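Shared chain: chain A. Partners: chain B in the first complex, chain C in the second.
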Partner chain A sequence: MLRFVPIITIAFMIGPVSAGLIGTLLPAFGILPALGGTEPGLDPWAALFAQPGIWQSVRLSLVNGLIASFVSVAIVMLFCAAWQGTRIFRAMQRILSPILAVPHATAAFGLAFLIAPSGWIARVIAQFAGWDRPPDMAIIHDPLGIAMIAGLVAKEIPFLFLMTLAALPQADTDRTAQITATLGYGRVAGWFKATLPRIYPQIRLPVLAVLAYSTSVVDVAIILGPTTPAPLAVRILGWLSDPDLALRFMASSAAILQLLVVVVAIGIWGAGERIIALAGGQIAANGQRFRHDGGMRAGSAVLAGLSAGALILGLVVLLIWSIAGFWGFPDIMPRSFSLRLWQREYDAIGSSLVTTLLIAVPTVVIAIALVLGCLEHETRSRHKPGRGAIWLIYLPLIVPQISFMFGLQVFFTLIGLERTLISVVLSHLVFVLPYVFLSLSDPFRTLDPRYGQTALCLGVSTMRVFWHVRLPLLTRAVLTAMAVGLAVTVGQYLPTLLIGAGRFATVTTEAVALASGGDRRMIGIYGLLQMVLPFAGFACALLIPAILFRHRRGMNAQNRG
Partner chain B sequence: MPSDHSETGLELRTVSIRLGGQELLAVDLVIAPGEIVTLMGPSGSGKSSLLGHICGTLPAQFDVSGQVVLNGRSLDGCPPQDRHVGILFQDDLLFPHLSVGGNLAFALPASVKGKAKRRMLVENALKNADMDGFADRDPATLSGGQRARVALLRVLLSEPCALLLDEPFSKLDSELRGQFRSFVFEQCRKNRLPTLMVTHDPEDGSAAGGRVINLA
Partner chain C sequence: MRSRMRAFVSALALATGIATASVSLPAYADPAPDVGNWQSVLDQARGQTVYWHAWGGEPRINDYIAWAGDQVFERYGVKVVQVKLTDTADAVTKVLSEKTAGVNDGGAVDMIWINGENFAAMKRNELLFGPWVEETPNFEYVDVEGKPTVVNDFTVPTDGLEAPWGMAQVSFYYDTAKLDNVPKSAQALLEWLAKNPGRFTYPQPPNYMGSTFLKQILTELVKDPKVLQQPADEVDAKAVLEPLWGYLEDLQPLLWRNGQAYPQNGAAMRTLLGDNEIDIAFSFSSGEVSSAIEAFELPDTVRSYVFDNGTLGNTNFVAIPYNASAKAGAVVLADFLMSPEAQLRKQDPQYWGADTVLAMDKLPADMQEAFANLDLGIASLAPAERGTVLPEPHPSWMELVETEWQKHYGVVQ
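Here is the complex of A and B:
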């Protein structure tokens, strides 16, 4: 039975992606019998290219995605180079880990409330500059998409940082740093010349996932991105939601175009990697030591601190808006506070939390069961999976959501599952499974195999070894992986919206729907609500093992990390 | 060749272990009940792989030929939990989520029925190791020597027919090492266990008082 689990798991990830891509590809060339499309043709493409500003949208997606990814990677690499092994590094580690649980949309709203012309930063400046009304500038929704880049960077830094953290021990970085230092290299130069080449292959897939995400993002782009025209993915969603069903054909070809944009972005990134690798080989050998890099180190700490600070302050300002009474412009704080809105929304809040959990609970339970099955199978069969397996896991994170979600909707309609809980759960699993797997596979694989061997040699069945040895030893890791899964399903916008066809109003779809309205108090409430479940999940992952094993000191060491 | 369950000990019939086409080790050996055979050799000589092969937990990338026979029964292809081969590593590997008593009860065969009886066997075992009343303790609060003894008791309670020792004394300091070593050897002889020990330390071999085989 267990040996089928890896195949089932892969089917759950790759199946919907493939079905969705086919379901998008066919209408893109005019074939969608349900809407009367039976003759293949290029009409949808002609219609797409006739759209005003289509190339501007494409350019925005491509350029902003590349810039956001490059800036995130650069800041994370610089910060690791400058501070690895120091107290500041460990402090950042503690700050950034919980921030990872903040959904993209919440982070984007928080940032918007900070940097908008009437946001907190402008209010602080107003105190000194004597402004009595907000400056007349398009800071968010700016035509170049700088606000959107900032939002993406702030949210991707914690992710890339944690991924790098996981890769660091495998490259023996502490001793490498000692060696480069004794050879007279500055910290940053030593790290870039000796450690980065060994780290980068390990974080390459997460980096590509960030690149694909940034190039095709929808929710952050709706909240912070340009509107005239909007980035490609946002326009596709508009066409898909249009009452005129004929637009579905053009939307499909646009979704394929979006996939091509991501492919091109990855191609450009790959070329950049080559160039840097070639140049880096020369630079590594040129003996330049850059001994005095204090400025660089301070700069990287400021940048990393800014991004973490922006996210945290963003959450604070969301909270304040959600309980604000009258709050006029240059005031730093509202004149009064009130829970009136929370009370008015009480029932709606309850029902959107229930809907969110209705999707999240089965998704997370199925995901953790499948992932545990895969890893347990790997342990029992004593076979290591090949390199290809990790690509399969990253595939759903690299193919843009908007490129296969419409096709998946068509597919679910075809098999009679449209707008059902089952189809929404299946669409969430595509993204939850990879993250749960990535979160659990390291602790599971690094658990000392001799625990299992010892137990087997005591004559205990493999089942008992799993339930009574491996699972208890991994309690914290399993709960953390479930919390990661919970955070991922709660944050899903597009799959919930498109596959659920509006039937499932989760905290996230509600929050993003509020973006266009501009009611800051409501945005505050729903932005915070998005965070309640992920944070509760991570809190449980910390507390439950601590309580369960309060009389077992050895479990602290076991569960560290 | 006896095929009943008579006590003929642990036989390694022309066992050879290869990794990537290269032979790591080849042995041909019979260990009688109560006999302790010491296997010495440099690291990487495949000593631990041999133990892994005997208890059935060797990773699949190794190629093994030859036969492992315990008391007349071939172990090849038999899952580790059905082999009745106990193993002690250099780390005690007590399960940190269970109490000392929980660790020992984990090893007791399920055929020993009744909570009171199982509890009694666990407490008797602790008493024999001068560890009266330790059943409810957290293993993390024990000294290194005590943990090592509990690990041995745990193996013995699982009623093995053979015992493998993978450098089990190397992490203990020299005074403790001597004491624990004689405790282990005494138990092996008392329980008439064919015992195979791999070690770096020549003293372990001479203390065992049995055959010493040098690899490489």
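Here is the complex of A and C:
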């Protein structure tokens, strides 16, 4: 029975993914009969490369994505190295985990209002400098995309941090740290030399997901990124929503180009990994202790604190906006407050939360069951999945969603499932499965096999080993994976709208539609509402293990990290 | 390796199995309603659910749509569900994907709020149902003579494929607490901006509002505006556009952020005015400005005005896709939206504040009075204050201007 699980999982991916890709590839080469495209050709590509600034857009996507990912990873690794096992580390863990529930767009809006020339920080300065007008400076939408990088970094740090936390217990970090300290290594150096090589392989896939996301991001880029020209993914969105339907051909070839950009980014990252591994091997063995790392430790805490602080302040600002009367520059606080909009949305909120759960619960349950099934099968058969299968699972994370949607829609319409709950759940699974797999596979694979072997030797069935040994040991990882899955399904806009054909009004479809009106109050209200479910999910992932294992010190250590 | 291959093949088989098993589900076919026989339309509509795909960014408009849905349900038993979009193109994409999949009946989209290029594209690709509009009962009140755009959408004849729903006209707005004299022509705007650099911008084309600004300038600067009513490829387009590029050459460096960044849409431009980053903005409806004041997005000292030589105006519509599932229901809804009662409420800024498509002199006396008694809102322009309505150029000009703008100013790095 179990051996069919990987096949079913892959079937859930193959249909939609290949349909999505075909639906993009064919128009990219001129074939889309509904628009009269019947002859294959390279015209869409010629049109694409004739677009002004196309290479700048590509460069922005590639370079900024790489920088944002590198900075996020560096800060997270540095912070873990500097503070793991301390009180500051646990404090950060408590602060960052809930931040993961903040949708990207909400975080970006909050950050934008914080740092914009008419934003909160500028308003504080204005009080002293006597400005009555905001300075005309490109702090957000800056041509180099620095604001966009900052937004991405602030949002990716919590994700990578949580993924690292899930990996830490498997690396026996406490004892490693003791040994490196005994040998006289500075905290950071000891961690980088002895622990990092064991942690990094475990978080590698999440890191690549961050990289793929950063190189193809749309919402953060629209809110914070450059506009002349915009990064490639933003321009694709523009072409796809252009009234001139003929642009769909070029948009499809641009989507393929975007896919190539992501692949190239991953290639560059992989090369960087190798270089660092080589150099790191030398440095690890050269015996230098780097004992005085106080500055570096402080720096890492400041950076991590800054990113968390910016996000939290941004949220506070959005909360204030959601109840604000008119709030002009340079006022630090609104002139009046009003609960009117909250009241107005009150009725709609309940039903959209229910619809969201109606989709999220089956999606997450199916996803976690399939992923656990795959991993358990892998463990029992000692048969690792091939590279092809892995890539297949991660494809939905790499192909920009917007370009993928058309094919996906056609697919679900063809199989006659469009507009049903089943099809919405299936389409969400395409995006949820990879993330659940991503968060769970490494903790599962690195779980010490001797626990299971011991149980087997004591004469227990393999089924019991799974239910009574492996699953309890992995409680924290499983719950985290479910919370990540929940956050992903709650955040889905395009699949819910397009595959559900508007029959499913979730918190996110409402939020995104209302946000298009540009009123920060509505953005604040729905941004906060979008957080409710993921937040509850992550809270459960933290609290349930703490309660379950309150009398088990060893499990606590396992689960606390 | 072999076992992996086998797994792959069985997965593929499973996927196609699911596909073929469900392809046989019959699609529900909705026969085209006979609009000439109104009673038969009403009979056919009763019990249908109309999924109306409409931009959902404005709570007031969503409330109005919900109200219209309630009315139509009470009177004709037609249920209305608004599918809130961020972009009309999403609905177009939906219909397109259904056509690609061969779903020519029982489609997901029953009605779309639409105009301009989106309409032209759907009409050109035969994605619309009709003609049906001119046979609906309430069409007799529509001001076809006084407002020619109700049957000519950006110069493209509507041919009864879309029903007029509201009028729109460009108006500018500013904060009277900060500005005394406002520029009322393209040339005056340039001179004003030279004294107040950085205090004006426009949404980045090809955004609809941004392109509208360029068309407004073009219409004002071109020697003979009539030439813009013809397709661009039938005239010497280069010569026609020359004054526009000359103007922009002076304007661009004076813009907000020196033209290095732009707001992405009209709403973002409004936020900039609220944040005091710019002094003058514009919109397609002065009622929208009143609404924004009421929603605290703008200070209550903001007022609207138009250029001396007129501003561009157009009409927005509702259309029914060729494969809609509830065509009769959609026709009944569209007819209700054109009724004096629905149009009156629509023009009332308390509910929305958008201009009617109806002709006052065609209405019954009590309705004329009700329209005359409307309080239009503090930043709204009464019909008499609106000056000349300039016709929209042919859509081909918009495409040409957008493409050329992108080449000139879309890449500044």
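To be clear about the criterion, the second predicted complex is superposed on the first by the 370 of 561 C-alpha atoms of A that agree within 3 Å, B and C clash if a C-alpha of one lies under 4 Å from a C-alpha of the other, contacts with A are read in each partner's own complex, and residues count from 1 in each chain.
What we mean here is this: a residue touches a chain if its C-beta (ideal position, glycine included) is under 8 Å from a C-beta of that chain, and two chains touch if they have at least 3 such contacts.
Fair warning: this is a prediction, and the values are worked out from it, not measured in the lab.
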Which superposed partner A:280 touches (first chain B, second chain C, both, neither): neither
First, second, both or neither for A:498, with chain B first and chain C second: second
Which of chain B and chain C A:118 touches, first, second, both or neither: second
First, second, both or neither for A:388, with chain B first and chain C second: second
Contacts of A:472 with chain B and chain C, given as first, second, both or neither: first
Chain B versus chain C as contact partner of A:325, first or second or both or neither: second
Contacts of A:451 with chain B and chain C, given as first, second, both or neither: first
Shared chain A contacts, counted only where both chain B and chain C touch the same residue: 383
Residues of chain B that touch chain A when the two form their complex: 52, 55-60, 79-87, 89, 91, 93-98, 106-107, 109, 138-141, 154-155, 158-160
Residues of chain A touching chain C in the complex: 6-8, 10-11, 14-15, 32-36, 51-53, 56, 116-118, 132-134, 136, 138, 141-143, 222, 226-229, 238, 240-245, 248, 324-329, 334, 336, 338, 341, 344-345, 383, 385-386, 388-389, 406, 409-410, 413-419, 497-498, 501-503, 505, 509-510, 512-522
Contact footprint of chain B on chain A as seen in their complex: 381-383, 448-462, 465, 468-469, 472-473, 475, 549, 551-555, 557-558
Sites on chain C touched by chain A in the complex: 1, 3-4, 7-8, 10-12, 14-16, 18-19, 22-25, 27, 51, 53, 55-59, 81, 83-90, 92-94, 96-103, 108-109, 116-118, 120-121, 125, 198, 204, 206, 256-257, 259-262, 264-268, 270-272, 274-277, 295-300, 399, 406-407, 409-413
